[in-house]
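You will see two complexes here that share chain A, one where it goes with chain B and one where it goes with chain C.
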Partner chain A sequence: MLISIASGKGGTGKTTVSASLTTVWDGPVTAVDLDVEEPNLHLFLNPWIASEDKVYLNVPEVDESLCTLCRECSSLCQFKAINVMGSAILTFPEMCHGCGGCMAICPEKAISWGRRELGTLSTGKSGFNDFLMGRLRVGEAMSPPLMRAVKERLVKNLDHRGGDAIIDAPPGVSCPAVCAVMDTDFILLVTEPTPFGLHDFKLALEAFVPFNKPVAAVINRSGLGDAGVERFCSEQGIPVLAHIPFDRDIAGAYSRGKVIAELSPELRSVFVQLARSIKEMGAGGRDA
Partner chain B sequence: MREIVVISGKGGTGKTSLTGAFAHLAENKIICDLDVDAPDLHILLSPDMARTEDFYSGHEAVIDNSRCQMCGTCLDMCQFGAVQFDGARYFIENLRCEGCKVCVSFCPEEAIDFPERYCGQWFVSSTRFGTMVHARLFPGAENSGRLVTLLRNQAREKARQEGHDLILCDGAPGIGCPVISSLSGTNLAVIVTEPTLSGLHDLQRVAQLCSHFKIRVAVIINKFDLNSEQSREIEGYCREKGFSLVGNIPYDPQFTTAMVDKKVVTEVNTSHIAGKVSRIWDQILKLL
Partner chain C sequence: MTKVAVTSEGPNMQDMVDPRFGRAGGFVVVDPETMEHEYVDNGQSQAMAHGAGIQAAQTIADSGAKVLLTGFVGPKAFEALKAVGIKVIQNLDNMSVEQAVQRYKSGDVQYAQQPNK
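Our next item is the complex of A and B:
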């Protein structure tokens, strides 16, 4: 089962929950950090990194001796990544989405694949668990292509080794978050009981419910704020699988990179129960 | 015209709560929420929407099955896995479609339409602290970078119309496309961080991004007393990089209490927190 931990809003405790769930998970699990803009899961799981590979996107390279400046490529390109200016053809690799249209349409076959670096893909081990992380190059704007590379590696890894995956998804509800949760079997939304938390939780539901997968919530910093989120979940029939109490000690432990499931037997049992509930709901199939 | 963008790298550091307070303290300004993915500033400012506009960006491919001859060219050529075949017909999964037009151009039957994509709405509103420009990107929609650029331009136009010389923006989290768009042309990036391992990590990444675009940086450490050792480390990092540390804010549930009341902290709290935030604002003004 692939479980994505998402949140709508940042800072709700997605990474805290991902790290703790991984630690208490019963059975082999791969922990995956798909928040490639700000990967943090490694700060908690302290993985031993076995390999770090650069990930590239294919972008066009033009052989100017073959180009007749016919502009077929530039009129197809929707991203202004290739353009004729005067008597020169220019490419803008940072704008390119890698669709390959320019190469396919060029009547002179003057375009071949070059590449631009998107970031790195790290693989390793955290305890007995496998660990995967994508890290976007600073200055690179597009995270989904790198996320796709991490997901491909995950699929290979699971084919080879089996087990489940716990995926720390990026915050927000636009393309990166959607890219992270769309191929998973279970979506766990981490929220906090405040007006900001409720507002972003509603946006996240709106984005993720169309995937028609089991969705459940965890309320972090329970006891802070108000009862809006709780009320909304019960109205919408979204099961709240766990409450993580609001506690300065937890916040302090988090700040030092501690996995909070390891702080006390009580907290550990919160996550053990959460893992069990996820497995039960996930086993119920997509209509659960 | 001076522009300040408040960013955080990581979500949940208190960026929006502080931007709200600055909106209260600042004079002669336009307020702008550039966190279009999960906007929250409106929760604190309760805007009256004076103008609502639809936001279209890019296009999406749609297969017309009455014209489709099932040749499969679109499926072969799509680099994004957006074309699907369910055994009876081809269709485009719109969340995967990047709008590159390759399938449209190469379809021998011209059976693929390419309508504009309706991505969200943007607003010009009045609030108790002045005019605000903000937006709502539909969950799952892309091109948030383009929407951010549109909002910035609207904010500039509004500022000219109203004769203000300051634009105060709540930026997006992360370091990808929306943040890059929100930083372009800004005078000062105010980074709100917190004294946690992930706080420092994300601060470094987003600060690197600011340096990359040659934007001046000021730093606020929120909840600094949660982990004083980590706070000192952040202070050291700022000194080393030459970033102005404009203030430390202690952990205080007043921020949440104010949020629950849909107010900003400087409106409801006459204690030292309000004073602290207002001194920080003075420091920021000195940097402009």
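Our next item is the complex of A and C:
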């Protein structure tokens, strides 16, 4: 089972939950950091990194001796990554999404693939668990192609080793977050019981419910704020699988890079119970 | 004489210079000698999520203008304009299209060496 840990907003505790769930998970599990813009799961799981590979995106290169400036490519490209300017053809590799349309449409076959670096894909081990992480190159704006590379590696890894995956998704509800949750089997939304938390939780549901997967919530910093999130979840039939208390010791442990499930037997049992509920709901199918 | 393109908020010489290049309302393309002018709409690039500046540079190149008078130009648009040999004069916002062209004709302007946005 692939479980994505998502949220409508940053700073709710996705990584806290991901790290703790991985630690208490019963059975082989691969921890994946898909928050490629600012990965931080490794700070908690302290993986031993076995390999780091660069990931590239194919971008067009034009053979100007073949180009007749017909503009087929530039009128196709929605991102202006390839353009005819007067008597010159210009490419802007950093605008390119790598769809390959320009190459397919070029009547002169003047376009071939060059590449630009998107970032790195790290694989390693954290204890007995496998660990995967993508890290976007500084200045690179497009994370989904790198995330796809990480997911391809994950699929290969799971084919080979079996087991489940816990995926730390990027915050928000835009392309990167959607890219992270869309092909997982279970979406766990981490939220906090405040009006801000509720607002972004609603956005997240709106974005992720159309995928028609089991969705459940975890309330972090429970005891803070109000009952709005709780009430909304019960109205919408979203099961709240765990409450993580609002607690100074937890904040302190987090800031020192500790996995909070290892902080106390009580906290550990919160996550053991959470893992069990996820497995039950995942097996139970689409009742969310 | 070389034609100049001015980013503008409307189709006339009395309309204000649009400070934005990529997402300008449109361009008034002027022959500074005769002050004859035509208007080129920039709606195409206003509707784009990305690459508005590049699209606008293409529009200017197609209009035949060799000089651009505007407020601010971003890095990608600047690169595109440079590649087609269009000279850029920036920081001409807060005046009408006609005033910008007069300023250009008076010679009291500097060609930009780099983007200012």
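What we mean here is this: the second predicted complex is superposed on the first by the 286 of 288 C-alpha atoms of A that agree within 3 Å, B and C clash if a C-alpha of one lies under 4 Å from a C-alpha of the other, contacts with A are read in each partner's own complex, and residues count from 1 in each chain.
The rule is simple: contacts are C-beta pairs under 8 Å (C-beta built on N, C-alpha and C of every residue); 3 or more make two chains touch, one makes a residue touch a chain.
Since the model is a prediction, treat every value here as computed from it, not as a measurement.
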Which superposed partner A:L90 touches (first chain B, second chain C, both, neither): second
Chain B versus chain C as contact partner of A:A81, first or second or both or neither: second
Touching partner for A:L66 - first (chain B), second (chain C), both, neither: neither
Which superposed partner A:G172 touches (first chain B, second chain C, both, neither): first
Chain B versus chain C, judged by how many residues of chain A each one touches: B
Which superposed partner A:V155 touches (first chain B, second chain C, both, neither): neither
Chain A positions touched by chain B in one structure and by chain C in the second: 78-79
Residue ranges of chain B in contact with chain A within the complex: 8-13, 16, 37-38, 40, 43, 58-59, 77, 79-80, 95-96, 98-102, 105-106, 137, 139-142, 144-145, 173-178, 180, 194-199, 201-202, 205, 208-209, 212, 223, 226-227, 230, 251, 253, 256, 259-260, 262
Chain C residues within the chain A interface of the complex: 48-52, 54-55, 57-58, 61-62, 76, 79-80, 83-85
Footprint of chain B on chain A - complex, ascending: 7-12, 15, 37-38, 40, 43-44, 76, 78-79, 97-101, 104-105, 136, 138-143, 170-176, 178, 182, 194-196, 199-200, 203-204, 206-208, 210, 224-226, 248, 251-252, 254-257
Chain A - residues contacting chain C, complex: 74, 78-81, 83-86, 88, 90, 92, 95
